[in-house]
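Next up: the structures, one after another.
Next, two complexes with subunit A in common: one pairs it with subunit B, the other with subunit C.
On to the complex of A and B.
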């Protein structure tokens, strides 16, 4: 019994980050029809900025929680600036051109990764623990820090889900991703909504990266492995679908933690791929996709 | 487009073959081999782009060709020609099966699945002990009596398959491929099986890719799972974008220029990423038709006299 609870807890903490990550991917795809290969680099930049800023702030004498808080906000701001730059100078001209924008994002991902290695050096970083202690839930163990991370990630995801379902901007985003021409005919300002959608997606990746910074070892290529998992999650769920991204992320997280426990991590990845093949065979546009 | 003087192309090809035969130093010979293989990989990548799909599984099929060729040479001591053929056949056959499943999806879905396929193959190589697991296979040499001719052989094989791909693109089959990219529903209505045509397209491209893999394995002598990550496909994409995708010569041009330029960037670690990344970004943003399109536009001012080879 203990082991099942533990696996569930593990799935939850992996899944929480994947949900944030793939929500951003699917949102950007929905609004702009862009498969953003550079999404992992937003994530990596946030983690790297936190990893650099926290020790720096501590040197200035800031207490640990304050250092984390400031670093977190700084990282989000930094990533938003990067997102805005990429949107203005690159992606804006390639929306709705799926192949062109994908090629562009591949180039940007490679370029950014190279720049990160130059700027942040390829050394791995580990940050001091923010919240000490381990909690036991029904026989499963989780560090308090990871639990807090999960809860924040899930709250952000839930907030996002609510915002997209109910707010004015959320409705506009959904309208644009269903049919952008019909949306424009209704007077929805497509360009502004596209920018908002892109920046929200960017921000979600940044939140995921910044949240993960205290609990993992951070290197400049940290984005790649999350990118692959995130892609698999949104393909399974259906590109552009918000519930699909959540379902896909949870499935991936369960496969990763269960497969990783009983077999080994690379077999779990292979299992994910087999699942993608099966899903595509039955539903070529993903579980929740329509098209 | 303006007809390119055929004599010029033939002359250039002959020079390439003869030059590669006389390339004395190891470095020059290796460089010629890399350039030639990259050219053919780019052309095969472009062949699948004719149906409008970005085939990231290509990196995986290079790996299959390399491993199959390597096994044929090191374990069964088959002749080089047979090893190359086996590499190509393995990649081609597997791609038919994979394509049959994955090509039901198109656009973003196919692209992401083909990307995942490449990464999963890499994991599988590292798990199989017979082919060396993580450390890979060693000792894949062309037979000793052919070693001296190897660069010339590679160039010849590459030229032959470039010609085959070019003829196929110009044939009725090639026209169907382009029609599928433009409007697959319309193609279906005239009674052509779109799905099977796509599968064949991927199969042909992967056969050629498999040859590239086998050639590469015999040139590098050592292969390991890390050599066949999705980056292979990304680099190929860079060649194609910089060269221009409207004509097969764009692929050739891009692969030659970037592979030679990359020699300067190589060995600086991170600079390789920056180099290829910047090449793609610049290619997409500033050269939408690539170097080939640029050359075409410059030449269109004063048209090339037809038939004259200067």
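On to the complex of A and C.
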């Protein structure tokens, strides 16, 4: 019994971050028809900025929570600036161009990783624990810090889900995702909505990276493994589908934690790829995909 | 309104790559009338509609709407200027509800009261939609989807409404309903351009007509006159 609870708790905390990550990926795909293979680098930059800023702020005498809070906001701002620059000079020119955007985003991912190694050095960084303590729930254990992180991630994801379902911008994003020409014919300014969708997606990756910063070891190439998992999640769920991204992320998280426990992590990774193959064979557009 | 013409197209030319789709097309729509362009499949009807809504850039010619040149205007800007298109194949947001489709139709309008009034008005035009507001647009029947497409375009409060084959694939009863609504909308002061393969219906409800063949206008005149013309009857009315 205890072990099942523990596996559930583990799945939840991994899944919460994947949900944020893949929501951004699927949103960007929806509005621009681009699979952003550089999405992991937004995530990585946020984590790196937090990792650099927190010790720096502590040196200035800021208390730990304040240092984290400021670093978190600074990281989001920094990633948004990068996102806006990349959108204007790169992604905007390759929207609705599958091959062009693939080459572009893979190239950008490599370029950014190289830049991060130059700027931040290839050293691994570990930040001081923000919230001490461990909670026991029904025989499963989770550090308080991870629980808080997980709850925040789920709240952000839920807020995002609500916003896309109910707000004016959310409806415009969905309309553009389904048929951008028909959306323009209703007066929706496609360019502005595409930029908004791209920046929201970028911001979600940044939130995921900044949230995860206190609990993982941060290096300059941390983004690629999240990109692969996030990509698998959206492919399984259906590219462009919001519920699909959530379902896909949860599936990936369960496979990773359960498979990693009963077998070993590399088998869990193989299982994910097998699952992608099975889903693509049975439902080529993904579980929630249409068309 | 001082401008007599709602729409004036002069020498319009559109090409896809090197393939010309529309060649030197000129026509005008007067205020307070239904104008129709009749043509068979591939004659260039939808291309004209795309040029009028900014979805394709003409290779030549001039389009003036309400007296203003629309060269280079984005589709969403044109909606604000008062042009709405009911596109071929309806192009509804099938994963969104009927109510959401109507809301999106009024995306650029800020007068909440006027939008609410128009919401009621389009439901009066199409009572079949009233009970289905929360249903996904994709699960409506073909006829209801077409009604929703017209209703969505009306939610933008257009001065000029463009309809691209609104009756294609629909049963005779629904064609009649749509034709009636088109006339009602025209009487409410919206100028209309109706593009149709269904020449019989189009010529019956319109005041003037243009016959399009392989990208060129080959005949034009009063709809009632054209409906009696031997050539039109043979080619488009199947008699």
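Keep this in mind: the second predicted complex is superposed on the first by the 291 of 291 C-alpha atoms of A that agree within 3 Å, B and C clash if a C-alpha of one lies under 4 Å from a C-alpha of the other, contacts with A are read in each partner's own complex, and residues count from 1 in each chain.
Here is the rule we go by: a contact is a pair of C-beta atoms (placed from the backbone, for glycine too) under 8 Å apart; a residue touches a chain by one contact, two chains touch by 3 or more.
These figures come from a predicted structure and were not determined experimentally.
In the superposition on chain A, no contact is made by A:5 with either subunit B or subunit C.
Of the two partner chains placed by superposition, only subunit B is touched by A:122; subunit C is not.
Of the two partner chains, subunit B is the only one that A:112 touches; subunit C does not reach it.
When the shared chain is aligned, subunit B comes close enough to touch A:235, but subunit C does not. Contact with subunit B, but none with subunit C, is seen for A:104 once the two complexes are overlaid on the shared chain.
Within the superposed three-chain model, A:64 lies out of touch with both subunit B and subunit C [touch as defined at top]. In the superposition on chain A, none of the residues of subunit A is touched both by subunit B in one structure and by subunit C in the other. Residues 168, 171-172, 174-175, 178-179, 181-190, 290 of subunit A are the ones touching subunit C in the complex. Across the complex, subunit A is touched by residues 52, 54, 101-102, 104-109, 111-113, 115-117, 119-120, 123-124, 126-127, 234, 237-238, 241, 269-281, 283-285 of subunit B.
Every residue of subunit C that touches subunit A in the complex is listed here, in rising order: 53-55, 74-76, 79-80, 84-85, 87, 91-96, 100, 103-105, 107-108, 152, 156.
Residues of subunit A touching subunit B in their complex: 29, 35, 89-90, 93-94, 98-100, 102-104, 106-115, 117-118, 122, 228, 231-232, 234-235, 239, 266-267, 269-270, 272-273, 276-277, 280-281, 284-286.
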